[in-house]
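Okay, so subunit A shows up in both of these, paired with subunit B first and subunit C after.
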Partner chain A sequence: MTTEALAPPKAVAARRHAASELTRSRVRSAMIFLLPMLIALAIVAGWPLLRTIYFSLTDTSLTNLYGGKFVGFKNYLGWTTLKSGRTIFSGLLVDPVWWNAVGNTVRFAVVSVALETVIGMIVALVLNAEFKGRGIVRAAILVPWAIPTIVSAKMWAWMLNDQFGIINDMLMRLGLISTKIAWTASADTAMTAVLIVDIWKTTPFMALLILAGLQMVPKDVYEAARIDGVHPIKVFFRVTLPLVRPALMVAVIFRLLDAMRIFDLVYVLTPNSSATETMSVVSRENLFDFDKFAYGSAQSTLLFLIIAVMTGIYIWLGNVRFDGGDR
Partner chain B sequence: MKIKTLIAGLLVGATLGVVAAQAADLAIVSGDTGTGLEFLRSQLDTFEKETGNKVTIVPMPSSTTDQFGQYKLWLAAGNSDIDVYQTDVIWAPQLADQFLDLSDAAKDVVKDHFPSIIESQTVNGKLVALPAFTDAPALYYRKDLLEKYGKSVPKTWAELAATAKEIQDAERAAGAADMQGFVFQGNSYEGLTCDALEWVKSFGGGQIVEPDGSISINNPQAIAALEAAKSWVGSIAPEGVLAYQEEESRGVWQLGNAVFMRNWPYAFQLGNGDDSAVKGKFDVAPLPAGEGEGARSAATLGGWNVAVSKYSKNPDEAVKLALFLSSTAVQKERAIKQSNLPTIVALYDDADIATAMPIIPRWKDVFLNAVPRPSAPTKVKYNEVSNLFWSAVHDTLSGTGTAAENLELLEAKLTELKGEAW
Partner chain C sequence: MAQIVLKNIRKSFGAVEVIRGVDLEIRSGEFMVFVGPSGCGKSTLLRLMAGLEDISSGDMMFDGERVNALAPSKRGIAMVFQSYALYPHMTVYENMAFGMQLAKSDADAVKTRVEAAADMLQITPYLKRLPKQLSGGQRQRVAIGRAIVRDPRVFLFDEPLSNLDAALRVATRLEIAKLHHAMNTATMVYVTHDQVEAMTLADRICVLRDGLVEQVGTPLELYENPQSLFVAGFIGSPKMNFLTGAHAARYRAETIGIRPEHLVLGTGDEAWTGTVVHSENLGSDTFVYIDIGAEEPLNMREDGTTRHKPGDTLSVKPLEGRVHRFDTAGKPIAG
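After this line comes the complex of A and B, so read on.
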């Protein structure tokens, strides 16, 4: 949905004050063209979202989807006062499992997106240079992104396996480790394992978006810099980076949204490990495995709110413009 | 003329209806591992020939936890694509509402099965599923290695640890760098609940939640059991065991890289396959006992059943399939080809099975002493109980807190989860 928002009709935005008949009819036809998408969005995104929020305020269970009673905010925060006068809080907002998952998710999102941006930038710079066979390399670099996550997660699970895994075998042969590492089993390395796979998988996406930004940088700017004898590193920070910044910011926000709702990779690679359990994993568990559909809905709702707030802050801080123009 | 058309229409409809009833398209799910899928297909071919129905297998992940989540979702949505479900022994109370009552259809054959299994699949008088096979794990040991080092089959966990350590170290020194003493299922999933329940029970530490619903897990014997298990990780078991399910441990074992393994009977047949490095070199024994009062060998009761979805469009044919898959003939084939334990009492005295799979007649006693997981007393909350238990065990094994701390915490969480009553 965001892709469509990338290129709003410029004429409409720029000439809003001059509400001539022509402009009005243009707005009207724009609305008509947008209508099918808005309706589709309302059906596939809006309605489920509202329904989830509603479920989170009831005591619905999966075996009885339509018989839930309204319980207010009890799934979020509730309290009972014991006979001794002590008050016990319950609910999502005081659930350590949930906050552990939030911490894991944020940590994962920040680290993975940061590394993917840096590596993606390097890859994009390399691909932007003229060399023989560039087309093949560009296509090849997209392979990890093209493999379905569930397949690549399973593939990496075997590669990271402690006894038969190729990663341990290679590290052992190179003499870098003395004993085989149980990558996905140990709480210390589980997150690292997930990060490795995610970075491997999504760096191409990042590189592609940055590459698109790089190709829009006019060549004469570089020529001018070269004639002036500016050091290449200075060129990168003073010329390239500011010019690709709009594209970069949009790429980062896509990845951030994606990373915040990560599910499949963690679910396949390290199921049920509290070191990597993310918000989506925990809420799925409550929704389907446990008899706590309403509680899981509350978690999904909070997940939505957290992502919405984070995105809002990011757009505000970064002053991101989705039309890709300069600031 | 109108009436003629109507009659003709009705006739055509009726004929089509009859044809549809005679040859239905059925779908069955299967999370079988190893050669299980092939075996199921061969049985279904027989069923197709006998009844003219067509049965499609929908393959599922092997992890019971993964399967359950998917099935619960399908059933809650009233999905009619799947007619027959293969269900784990612990699921009956949680999915009872979504399956057909098989009491009438199975009234002639129910008495042939072990009463305890039929009881485990009966919820409020409704027979939710028919047993296909039962399961009780074994201690797999390498005959050749025990002989080489002059050791006997361990009767207690302490003996197992000592023997495993000695053989593992000696074998490693002799050049087998990948040799492990003992492999089991240590991943945090339902399988760990099975493994850990055996440790706790074998030390006389109860069975997490007792049949009357009381929470018994926080006791000194249970703590001793988990501490013992913790001492294995990194010494006789690889640290990676904390990510192993059944198939990963079988992988290590079948490559000849383990002295002992805890696994279900299915690994017996596969371990004797032609591609197995341990073919003919191993045997099985009951799992070791712990120490202290009430210590005994304990095996968690497993097993799979067949249930018919109440949303099936061809319930009659689906029930026939369920009856077929739990029948004596199929169970006998299954015992011989898959080394799965039958649920039909008479099959334990069957001469063909005794010849082909000597493990099975020996397993009758193990099975009769098997410990059920607390799925009956905890009802729909079982999954969460099991999840809390395996998490506490996994934390202990991976060194996050001691057994005493984790079990105390577990007791508090279970008490909160229980509330007034399960």
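After this line comes the complex of A and C, so read on.
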């Protein structure tokens, strides 16, 4: 009895010691494996970010990158009080061009990601069904996504061309429009044009991510639903959707991050259009075209903050829905 | 409560015919077990009954009504899957209530039915849990509970115990046997590859082989009067000893079969003598493998623990009237 009573604590203590030793060596090797990536990230992401934030607090210009003086938050918000007593605000936070760009970007991101999610889900459901030639269709659907954005933007720019574009021609012949539309040049349609191209281009990516999620759903659950007599539409909303939600959340966050910093498509398809210019486009203009390097840096910084906050909110909301409640 | 009649049921997947003309009658309230080696079509046959697969030809009758074209949910069946097939994102309660809720049943009625089923299977404490928080045995009981809540005419079980460990398998087997007694009006069809499950649960067993019915009968009928070599070898554990050639010729048969439990130590005209190859001691009984010069060693069962060392010489003989004789076609020879 006595030996039994005494022995376990010793054994447990020894085991615990051994385990912690093992854990320590695991943590050590994990750190060693992580280090190269952390260093690379610090060099290519961390340092430029810090530089940009620093530049945004100075009056640096493109011609004199190292001669900038610290000016505080003047690039973001500054004011001068006139003799008449009127205060004039200046800086990013009161810049209508900037807020127009923010509006464009958010509108673009929300509409494109929403449509891509819905269409992507439909495409994924189709691709998840069993039919002949599924492999080929799966590969073919990736083509728009595989084409470089500049190429597809140029391609669509020609197709959407007001004089010679095939789309105007087709719509005219079908009698759907009476006069040719300047899709990319007109302020009314420029955003639509950008959205069309982006949705065409990125839906395949969305579809594939959702398809991966769909394939994780066990087949027998659908059979159980058939025996339970669940209507296919209800099966989708009550069974499929909840089960692919984790994959869907990840896909949406990827696309949202991407959409918020859209640059190349807008830059090529609709240059210099205030109806479509996004945060990235505006900040690039300031950085390099208008010789307002510090101001452009401030815009870049704000863009970063907006995306970071949005992502944070999204993850937070997502987590609440994952763990909250019984489901 | 339903009588199920299968008339010349066939099922092909592409060019492969998996079920090749099955005629079978399952009586109302009966516990019928489909048993056979993997690939014999037993699960496919069950899925044809469920309506999860389309019948290629033949008639499937439930209580005289042809159900070939009827959707699974309209057939009055409930199915328990090998992999449980619970909805992972729903609690135990929601899993069990889902079908009824969608049928717009009265909430109180749903609650009563679910609670009664949970009570029967002793899963009431887990009603608020998710399937992932349950053990395999508990999950399978939830799946059975979901089937009970549907109040079906026919319960279909597709290898429900195969994913459980040995101890749980025995315990859950008992649950299913109790369920059958408690719900003696419901017809149950049960698929397994484990002949022990078949023997212990079934009112009648249907042995399938290569998409055809090999023999249908009560467990004892199959054990005592197997209608083919295949059934003789498949039913019974450990499996029946088969002897051919000169050993069988003495009984005027192509092949003879003797179960290990029908061999005893002894000498005489009928005895075989050989050396012990190996002996398995299970405590309650011992299985001795004896090499008598046949293709495979004879397996003999003895009560309790006995100690025969490899190399010992033993003489064994079959019990009177316990030798099964088969002709060249593998069919039993009468008498």
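Simple rule for what comes next: the second predicted complex is superposed on the first by the 300 of 327 C-alpha atoms of A that agree within 3 Å, B and C clash if a C-alpha of one lies under 4 Å from a C-alpha of the other, contacts with A are read in each partner's own complex, and residues count from 1 in each chain.
We adopt the following convention: a residue touches a chain if its C-beta (ideal position, glycine included) is under 8 Å from a C-beta of that chain, and two chains touch if they have at least 3 such contacts.
Everything quoted here is computed from the prediction, not taken from an experiment.
Judged by the touch definition given at the top, the superposed model places A:Thr149 against neither subunit B nor subunit C. When both complexes are overlaid on chain A, the residue A:Phe164 reaches subunit B alone and has no touch with subunit C. Using the contact criterion defined above for the overlaid structures, shared-chain residue A:Ser112 touches neither subunit B nor subunit C, since it reaches no partner. Contacts of A:Phe288 after superposition: subunit B is touched, whereas subunit C is not reached. Once the two complexes are laid over each other on the shared chain, residue contacts for A:Ser280 go to neither subunit B nor subunit C.
Contact with subunit B, but none with subunit C, is seen for A:Thr184 once the two complexes are overlaid on the shared chain.
When the two complexes are overlaid on their common chain A, residue A:Thr240 makes contact with neither subunit B nor subunit C. In the superposed model, A:Thr203 makes contact with neither subunit B nor subunit C. Partner contacting the larger number of subunit A residues, of subunit B and subunit C: B.
Legend: residue contacts after superposition of the two complexes on their common chain; A:Pro218 is shown touching subunit C, with no touch to subunit B. Counting contacts as defined above, no subunit A residue meets subunit B in one complex and subunit C in the other.
Chain contact summary for the complex, subunit B toward subunit A: residues 63, 65-66, 68-69, 72-73, 76, 94, 97-98, 178, 186-189, 238-244, 248, 251-252, 257, 380-381, 383-384, 387, 390-391, 394-395, 398, 400. Subunit A makes touch with subunit B in their complex at residues 62-63, 65, 161-164, 180, 182, 184-187, 270-274, 284-285, 288-292.
Taken together, the subunit A residues at the contact with subunit C in this complex read 218, 220-221, 223-231, 234, 238-239, 242-243, 326-327. Only residues 50-52, 71-74, 77-79, 81, 83-91, 98-99, 102-103, 128, 130, 146, 150 of subunit C touch subunit A when the two sit together in their complex.
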